[in-house]
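What follows is a pair of complexes built around chain A, which joins chain B in one and chain C in the other.
Moving on to the complex of A and B:
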C-alpha cells in the first residue's frame, strides 16, 4: 500500500490540482463565456497565498482563504468589461489578461520573486487536503447542474436571445459564473502554492491555459464527468507511456484534433448521450410492444 | 383602455432608414390581435421593439398601464411578456422537459447559496418546476416524448415546445412570430386550437402572420403594416378586402 502510494501519490496530487483548474474552466464555458482567464486567476490565488505566507508569516488557512477571495474579486472585476464582448473576442481579451498577470509577476521582483520565483513556501497541503477540496468542488459543480443555476447557464450558452426573452439578466448570471470560476481557480492556485515549496511565474502561462482547456474539451463540457474523465486521461496517458511524457504538449495537441473532429462533444458526454439514447429507444420499443 | 399592450406613435429609425413610423396599436387581454404585412413590412421590428431587443427611437409602449418603452429586455419579460421566435430557437440536444423547465426562470426564488449547495429548498424547487413542466407538456399532448431531445421532433412539435416554454413564464401577453410558418394544414389547425385556448385563459395575444387564412379564422382585430407604417386596421374581413392592403401584398395594378 505504502509503495503504491509512493509511486502514484504525486500523480494523484497532480490530478486533483489539475481537476480544480479544469472545473474553473468548465464553469465559464457552461455559462457561454469563452474565457481563458483560469490560468491568470490561479496565478493570483497562488501568489496571494504564497506572498502572505512567506513575507508576512500568515497562517496557511488564512492564506488559502485570501487566495480564493482574490481569485473571486479579480474575476468579478474582469467580468465587467468582458460583458461587452462575445465569443472569440472574449478569448482574446482573457488571453491578454493571462499575459499581463504573467508579466506583472516577473516584473514585480520585490513582491513575487520575479523570474526566479517565490521560494520557501511551507509545504502544508498534502493528498488529503487536495482530495477534500476536489470532492467539495465536484459536489458544487454537480449541484449547480441540478438546480436553477445550471438551467440558467445552459439557456444562456445555447441562445442568449431566448434567455433574455425568459427574463434572464445575462450580464449578472455570467458575472456569477465568472466569480465561481475565479473562486475555484484562486482556491486551487493557493493549494498549489502550499503543495510545492516554490512558485515559478511561468507555471501559469500559455501551456497551463492549453492544458486546462484540453481537459474540458477532451472530456466534455456538459456533464460533471467531462472534466473528471478528461483530466484523468490527459494526466495518466503520458505517465503510462513514458516516452509520451517528453512530448506532453504534442500529445495533447494531437488528441485535441482527433476529439474535436470525431467526438466534438468530448469523450464522456458522447458516451453518456449514447447511453441515454439507447435507454430512450428501449423504452419506446417497450411502449410499442405494450400497445400491440 | 385597461390592461394589455398599447403602442403610441411608435417609431424606429436605423440611420436614415425608417423601420417603424407612427405605429398605434392596442392588444387587449382575452383576444387575439393580428399583425399582417408583406415580407419586410417591419413586423418583426415591432416585436423586437416591444420585447426590448431593439431600442425605441420615438413614441412609447405601455404594458398593463406601465411604461416599458426603455425598460431592459429581461425586465420586460419579467413583467409578464413572452414571445416565440420566427425561426424556432430551442436547445436541440436538451430534452423537451429541460427546454420547458428553463421557461420557469422568473418564478424561481431559491437563494443562490441554497442552489450552489443543493440545499433542500433548491432541490424542492427543482422538483416543483419539473412537476409543473410535466403538467404543461401533458396538456400539449407530448408527455410520452418528454425525455426526448427537442432537436429530433417534427416542426409542429418544436413550435409547441416553444409555446410551452413561453407559457411557463405565465405571461399576460404572448407575441407569436409566425407560429405556423412551414406547417402543413393539420399542424396549423392544431396550432389554431392552442392559440384560441390561450386567449380563452384571458391572455392578450399578438399574432404576427403571413398566412391570411389563418389570420381570418382567428383574429378579432387585425392591423396591416407596410413599409413600417400601419395602412389599415379593423375586422379581419374588412382589412383583407381593403384595396390598399391588396396592393401592398400583390403590387399595384398595371396601367391599362
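Moving on to the complex of A and C:
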C-alpha cells in the first residue's frame, strides 16, 4: 500500500489540483461563457496566498481564504466588462487578461519574485487536504447543478434568447458563474502554492489554459462527470504511455484526434447520451409490449 | 527613432498579416479555431531550412515550404475536422483535435531537428543595409515587406476577383445556400485550407530568415498573436485583419523599444482588451458579437 502510494501519490495530487481548475473552467462553460480566465484567476489566488505566507508570515489557512477571496473578486470585476462580449470574443478578451496577469507577475519583481518565481512557501497541504477540497468542490458543483442555478445556466448556454424571454437576467447569472469559477480557481491556486514550495509565473500561462480547457472539452461540457473523466484520462494517458518513451507525445496527440472524432461531445457526455437513449428505447419498447 | 521603429513595425506586421489572414479565412469559412496553424507555420520554416541546408536555392525552399504547408493544412482539415463537422460539435471539439494535430507535427519536427535550434547558413540571404532619409533598412526587411505585400495582393485578388474566390465567399456566407447553387463545400474547404497553410508557410520562412532561429516550438507565440489580430480586426474581415496586423506589429516594436521589458505584453494586451470593450466586434468586423443566438 505504501509503495503504491509512493508511485502514484504525486499523480493523484496532480489530478486533484487539475480537477479543481477543470471545474473552474467547467462552471463558466456551463453558463455559456467562453472564458479562458481560469489560468489568471488561479495565478491571482496562488500569488495572494504565497505572498501573504512568505512576506507577511500569515497563517496558511488565512492565506487560502484570502486567495479564494481575491479569485472571486477578480472574477466579479472581470465579469462586468465581459458581459458586453460573446463567444470567441470573450475567449480572446480573457486570453488578454491571462497575458496581462502573467506579464505583471513577471514585471513586479519586488512583490512576486519576477521570472525567478516565489520561493520558500511552506508546504502545508498534502494529499488529504487536496482530496477534501476536491470532494467538497465536486459535491458543491453537483448540488448546484440540480437546483435552479444549474437549470438557469443550462438555459443560458443552450439558447440565450429563450433565457431572456423567460425573464433571466443573463449578465447577473453569468456574473454568478464567474464568481463561483473565480472562487474555485483562487482556492486551488492557493492550494497549489502551499503544495509545491515555489511558484513560477509561467505555470499559469498559455499551456495551463489549453490544458484546463481540454480537460473539460475532452470529458464533456454538460455533466459533472465530464471534468472528472476528462482530467483523469488526460493526466493518466502520458503516465501509462511511459514505455513508449519518445513516441509518447505523438501517441497522445493521435489519441486526442481519434477520441474527439468518435466521441465528439467529450467522453463522458457522449457515453451518457448513448446510455440515456438506450434506456428510453427500452422503456418505450416495454410500454408498447404492455399495450399489446 | 520613432520613425525607425514604425518602419520595423510595418515589416513585422506584414509577416503577422500573412499568418493571421490564413487563420482568418479558416475561421470565417468554418467557425473553427485551428490551433494547429502555428505548427503549420513552423513546418514551413523547417522545409525551407531543409532545402537550403541540402544545397537548394532559397527561392526553391520558399516554394516548397508554401506547397508543403498548404498540403499539411489540407490534411489537418481532412483528419481533424471533417468528421467533427458532420456531428455538429465542431466549435469545441475542433479545439481538442487541432491540439492533437499540433502535438503530432511538433513531435515530428522535434525528432527531425533533435530538439536543437537550427539556423540558415550565414550567406543564405545577402546582408545589405540601405540608408534612406535617415532610416536604416536592410535588404532582408525590404524582401520581407515585398513578399508579404505580394502574397496579400495575390490572395485578395484570388478571393475577390476569381470564380474560386466567389465560391469561397459564398460558402463563408452560407454553406447550405452555396450547396443549392451547385458549389461543393468540401472542395472549397480544401482550397481554403491550402491557401491558409501556404500563407502560414511563407510567414514561417520569412520569420525564420528574419530571426534566424528555427525550432519546433516557434509557432506558439504566433498562434497567440494570430488570435489577437483576427479578433482585433473583426472575424472574417480580410481588410480588418490586415489593418490589425500592421497596428499590432507597430504597437509591439514601439512598446519593446520604449517600455521596460516585461511591461510590453501587459500594455499590448491591455490595449486589446480596451479596444474590444469599445468595439465588441473588432475594428472592421461586421458580425454582431453581442447578438442573441442559440449556441450548442
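Definition applied: the second predicted complex is superposed on the first by the 273 of 292 C-alpha atoms of A that agree within 3 Å, B and C clash if a C-alpha of one lies under 4 Å from a C-alpha of the other, contacts with A are read in each partner's own complex, and residues count from 1 in each chain.
The rule we apply is simple: contacts are C-beta pairs under 8 Å (C-beta built on N, C-alpha and C of every residue); 3 or more make two chains touch, one makes a residue touch a chain.
Since the model is a prediction, treat every value here as computed from it, not as a measurement.
When the two structures are aligned on the shared chain, A:93 is found in touch with chain C, with no touch to chain B. In the superposed model, A:140 lies in contact with chain B only, and not with chain C. In the superposition on chain A, contact is made by A:280 with chain B only, not with chain C. Contacts of A:221 after superposition: chain C is touched, whereas chain B is not reached. Chain A is touched at more residues by one of its partners, and among chain B and chain C that partner is C.
When the two structures are aligned on the shared chain, A:164 is found in touch with chain B and with chain C.
In the superposition on chain A, A:264 makes contact with chain C only, while chain B stays out of contact range. Contacts of A:120 after superposition: neither chain B nor chain C is touched. Residues 158-159, 161-162, 164 of chain A touch chain B in one complex and chain C in the other.
Contacts from chain C toward chain A in the complex involve residues 27, 33, 35, 79-80, 83-84, 87, 89-90, 92-93, 95-97, 99-104, 106-108, 111, 220, 224, 227-228, 231, 235, 260, 262-266, 268-270, 272-273, 276-277, 280-282, 289-296. Residues of chain A that touch chain C in their complex: 32, 81, 84-89, 92-93, 95-97, 99-100, 102-104, 106-107, 114, 157-162, 164, 206, 210, 213-214, 217-218, 221, 246-247, 249-250, 252-257, 259-262, 264-265. Of all residues in chain A, only 140, 142-144, 146-149, 151-152, 154-155, 158-159, 161-170, 176, 180, 273, 280, 287 touch chain B in the complex they form. For chain B in complex with chain A, the touching residues are 51-53, 72-75, 77-78, 82-83, 85, 89, 91, 93-94, 98, 101-103, 105-106, 108, 110, 112, 114-118, 122-123, 125-126, 129, 144, 147-148, 165-166, 169.
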